[in-house]
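By letter and in written order, the chains are A, B, C and D; residue numbering begins at 1 in each of them.
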Amino acid sequence: MKSIGVGLVGSGFMGKAHALAWNAVKPVFGDVPDVRLVHLADAAEDLARRKADEFGFERASGDWRRVVADPDVDVVSITTPNRFHREMAQAALAAGKHIWCEKPMSPSLADSELMLASARTSGKVAVLGYNYIQNPVIRHIRSLLDEAVIGRVNHVRIEMDEDFLADPDAPFQQRHEASNGWGALDDFGVHPLSLVLTLFGPPARVMCDMAKPYPTRRTPEGERAVEVFDIATILMRLHSGASGIVTVSRTAWGRKGRIAIQIFGGSGSILYDQERMNEFQLYLTADRATEQGFRTILTAPHHRPYDRFVPTAGHGLGFNDLKVIECRQLIGRIGGEAALAIDFEDGILIERAVDAAARSFREGRWVEIG
Amino acid sequence: MKSIGVGLVGSGFMGKAHALAWNAVKPVFGDVPDVRLVHLADAAEDLARRKADEFGFERASGDWRRVVADPDVDVVSITTPNRFHREMAQAALAAGKHIWCEKPMSPSLADSELMLASARTSGKVAVLGYNYIQNPVIRHIRSLLDEAVIGRVNHVRIEMDEDFLADPDAPFQQRHEASNGWGALDDFGVHPLSLVLTLFGPPARVMCDMAKPYPTRRTPEGERAVEVFDIATILMRLHSGASGIVTVSRTAWGRKGRIAIQIFGGSGSILYDQERMNEFQLYLTADRATEQGFRTILTAPHHRPYDRFVPTAGHGLGFNDLKVIECRQLIGRIGGEAALAIDFEDGILIERAVDAAARSFREGRWVEIG
Amino acid sequence: MKSIGVGLVGSGFMGKAHALAWNAVKPVFGDVPDVRLVHLADAAEDLARRKADEFGFERASGDWRRVVADPDVDVVSITTPNRFHREMAQAALAAGKHIWCEKPMSPSLADSELMLASARTSGKVAVLGYNYIQNPVIRHIRSLLDEAVIGRVNHVRIEMDEDFLADPDAPFQQRHEASNGWGALDDFGVHPLSLVLTLFGPPARVMCDMAKPYPTRRTPEGERAVEVFDIATILMRLHSGASGIVTVSRTAWGRKGRIAIQIFGGSGSILYDQERMNEFQLYLTADRATEQGFRTILTAPHHRPYDRFVPTAGHGLGFNDLKVIECRQLIGRIGGEAALAIDFEDGILIERAVDAAARSFREGRWVEIG
Amino acid sequence: MKSIGVGLVGSGFMGKAHALAWNAVKPVFGDVPDVRLVHLADAAEDLARRKADEFGFERASGDWRRVVADPDVDVVSITTPNRFHREMAQAALAAGKHIWCEKPMSPSLADSELMLASARTSGKVAVLGYNYIQNPVIRHIRSLLDEAVIGRVNHVRIEMDEDFLADPDAPFQQRHEASNGWGALDDFGVHPLSLVLTLFGPPARVMCDMAKPYPTRRTPEGERAVEVFDIATILMRLHSGASGIVTVSRTAWGRKGRIAIQIFGGSGSILYDQERMNEFQLYLTADRATEQGFRTILTAPHHRPYDRFVPTAGHGLGFNDLKVIECRQLIGRIGGEAALAIDFEDGILIERAVDAAARSFREGRWVEIG
């Protein structure tokens, strides 16, 4: 593969993140084909044209089907709202394109299963945008777990908290409608679940609680019942027998991008917080007793692929850099490498865990994941 | 009341803490009666005699009943293992003594209810040793909540973690037997529950999970099944409707005395960690948007009664100082003040929550607390 | 200006950083001309060719003079070792090119003054690579100071510490020779001095101490005296009368990219640490007394131009992103904007402070900066 | 020695701290004689009487000479303002008493030398109240340095900052007069110097700068020039050749009791902050490269004598507990033990360093310490 032709559908938050990644992946990594930015689509053609100019795409369109049909496009980045994912992914796969689809797969487990079936049929690479697992810190934690540096893991806690829905006086929004799914569980919960999956494999059974911090919100006409849950907690058992807690909130004032992980093993512990994404903490019982403590470890070139961005320790990657790594993994997969990425095969495991959690909540009991 | 006669039963960890508190309470606070250290009992008379000398008690005995019967004793500190609490408390109350009994009330809810009944009958002050609520930080957080500085609370998380049972290779101990109760739930869980009670009132319903990180432990003869649970998690709903999580572990390597509290409200959040007991964090949406952040607030004389220990800010109290404050509260209660303390009336609410949590775990469902 | 033609000299650490910035500046900011990557030079032509391919440059050369002479090049990035800066900068300016030259200007104050003279003569934009001042956090701190949010500043401390020369057993390197300058003072010290300059203006007088943690280093033949100083401390007075300390070390084990700033004012304080570059701390006496504390403030879209990278708070920029901002400032200057950047006019003030500090050290006394 | 008779002069901040320590030392440590609280003096007799009652002293007096003359008194705690130290210490020593005198020795080096001479003549124990060195953390750091765990120390920084004089609008106080000495240098600087002395021995030469953040202060009549310096910085060389910085400020908003220590060695580093006095940080190059980081180590029973206060790790000592340890050291010295304490022989080294620093500041040059 001498070059790779890229199509991009959507140019908002995630669309821009994909565009930045496609621009940076070769200068950062070097060892990839030339990236040709072919075709960008967004709902409005003039917006698409402006963004194509900014992001460096050759062509622009107001119709995503033209990107999918473009013969120069090898891979399609899908960054539209979740409810469009199934249709676009299936069309792109059917057209013989690889896809890089933002998480989650879709708002419905049935649709997600259809997406998986299409990917299998197509034989194309279908990777999901679970960027947090690409952090060199997370990748290093994964290798420490594989090495059993902290022994056998017996307990895990992951909290994911933000505050963009924390204001009780903010008005009712479209996202408060049930058509968006459960709320925090599927919107946020999939991120910690992607980390659980990457670090430990899928959960075996779950018990979920959800809460509505603000059951009603004001509208121009008065009050309206909020239909989604901004807080969700999943108690879980992993197949290893370890117990775990995943808890997510969109109403946690002061939390901006917190994903706090605590992993406890037989001979040590690991801590991480996404708000300080360039460090993690490690406690080892192998250290001399009088000097045991959590080490705060800054990322450095030996935490691959940090070295591709900066050759000296402690200088820090940013959120967008994770997407560049994800892009490199996608290209690796296209080239046949066994690159770390959550593809549709793995992504469906996350969707099934979400579905089981929702059922557990409705029924007030533990649910096994098939 | 010109002076107060003190009896102490038990001279171990908590016995010493009580002794230090009784020695310090007048020099620290000034505004209390003279404290007369009358009688100390421990299981072995020579130990009792030695400790009486060290702690400054006049008399020593190998029989706790002699302390209870001593006419110069006004208040009895009970610091023996939990299974002795009921008998000692009832005897002391029957003898007309006030009591200061270490937490929890007893390993059995039925026994705890009997203790409450005895306290009611006696008309004496019966205070439990829930020292963490006495931290000036916690007392100040309580006043901030009363003031609604962070608005209406919608979510609470409390983690209590230590690592004294975290070594999988450590042998089976007596504390791994079921006769000790559930394990982390009643041994540890009562501390976070005392904080929930003090800050928010008792939970309305609970859903509990427990786990055994190390299901078996070695004995001189081989392996033996561990009968208690070193990890427990309680999902809860407060009467206010707020959701909460209490999770406790005795196998969390690196955690030494962690009690991490997160409180989220409509206009701010509060964080606290017992391992840094002289500070807390506060986020306020009232701050200018571009400078909103968690403030790390160090204790200072205006956080009462820190001022009784040190007249300048940021100089720090220690664990034993909390016991001195608790002692002052007890004396206040004896003198008829409405002092903050968890007496048997409040303590039974904690025991009932523990009992409901255990039932919830056994039955795999939510349990309402009567 | 419809497009801007870029030449790059050097393709190592900083050369790659420039290349990444030139690739990203338009996708990130949008409001800039097309960037055309024209010509890359490095000492070896094959290396230059490989890097040109990776970074996206059209042409490659083993001779930097061909970049300077290339008519399609409008601006030259100079990222070679410091001792080459003067010659390259003067040649590029003489050829009518704008320049973006890595810090510091040169190892000799006399040469730096010549560079300034050339820039003045040319009328071209000549910007230095002081990237740390471009952090949205630092830019926001600057605006807080301008607003006098913490009142009149009376004291400043900046520490810059790394550990790449901390190993006493590492062998003598070329960088231990006096031909490289003073050592930490001019290699590192210019970074904190760039922050002093940006936030407060240049120092008025300085008193400097330097130290050699390891006076000798091993060579294949034995031991050799280290000729540079790995630790330097500058006491200073600002023109405002405020006192300050700048201290730098290259032998501080555990410090990887620490630049710790402490600013004390009449009504508050500001703290920052480059190792956690996406946050800063602010203490305000305007807060209610019982809740005063250092706020940890995470970067967010309102801290410009963070918003150009990510539209949500707390998601974090990386080291390379600062270079993209610096690149945008350079383009702004070329377009006539009053963009924040340290050009040769400002850069010379840093060089003069370094020179005065060195003199102060030699003479053991305070030195006024002319 | 069966019991020890205590006299206390002064009942303010430090007087109370001494009283608390004398009350606690036997219950905490056990292995000391009975402590008999004999005689308390303060300037006003009724205050003395009230405090004697609170603190548990048998006798009270408005004249400190009566304490010194009391035949039941074996040791005199001197906690009055610094200008009274010399006269009281000399009188007590002449009367054959041991003394526990608050730091510093006196405002004048000549007077301090006289105090030392009297102590030598008397043959009595004369210990100074440098409590921070008694923290189990500091004592453990000392043992780590002795063990060369971080190799040979090459650089040290100590900052001591508080904010009680940080308000520019606060009026002129008596402490702004030159009669109090230099200001931050001798009031605060002695604390970090006591740490330098304890950890590394006395400095060999010093270069000092001092600053007045607010040169004038308002009085009822107008403005008055401040005669002391609220900020002081001492550059130093230790006898080992290591370089160091001690910097102190009384106008650092937000700092309440900060004493931040940074120690850099050939194979690691140690960090400490008095505001979090129950932890320290340790970086070791002996750790595996990919997991090197600063460990945050919580105090625990193996950090002696923490175990005498609490038998479990991470539960925290407070400021007053340090005084209890200091008291135990004093009693040890009286009993002939080689206990860690700063006596007049060591204290004079601190006073001489302060004196040399002041001379250095006046003369704008480095000063050797004789």
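By definition in this document, a residue touches a chain if its C-beta (ideal position, glycine included) is under 8 Å from a C-beta of that chain, and two chains touch if they have at least 3 such contacts.
In this text, all values refer to a predicted model and were calculated from it rather than measured experimentally.
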*Comparison of A-B and A-D (more C-beta pairs in contact)*: A-B
*Taking each chain's centre as the mean of its Cα atoms, which chain lies farthest from chain C?*
B
*Which whole number of Å gives the spacing of the CA centres of chain A and chain D?*
53
*When the C-alpha atoms of chain B and chain D are each averaged to a single point, how far apart are the two points in Å?*
34
_Need the CA-centroid distance for the pair chain A / chain B, whole Å please._
41
*asked:* Give the residues of chain D touching no fewer than two other chains, as numbers and ranges.
replied: 255, 279, 292-294, 298, 300
*Within the complex, which stretch of chain C touches chain B?*
140, 144, 149, 279, 281-282, 284, 287, 289-298, 300, 302-303
_Residue ranges of chain C touching chain A (in the complex, touch as defined)_ = 13, 16, 19-20, 23-24, 26-28, 30, 54-56, 162, 164, 255-258, 275-278, 298, 300, 309-321
*Spell out the residues on chain B that touch chain A in their complex, using ranges where they run on.*
150-152, 154-155, 157, 159, 166-168, 207, 209, 211, 213-214, 231, 233, 235, 237, 242-243, 245, 247, 249, 251-255, 262, 264-269, 283, 285, 292-294, 364-366
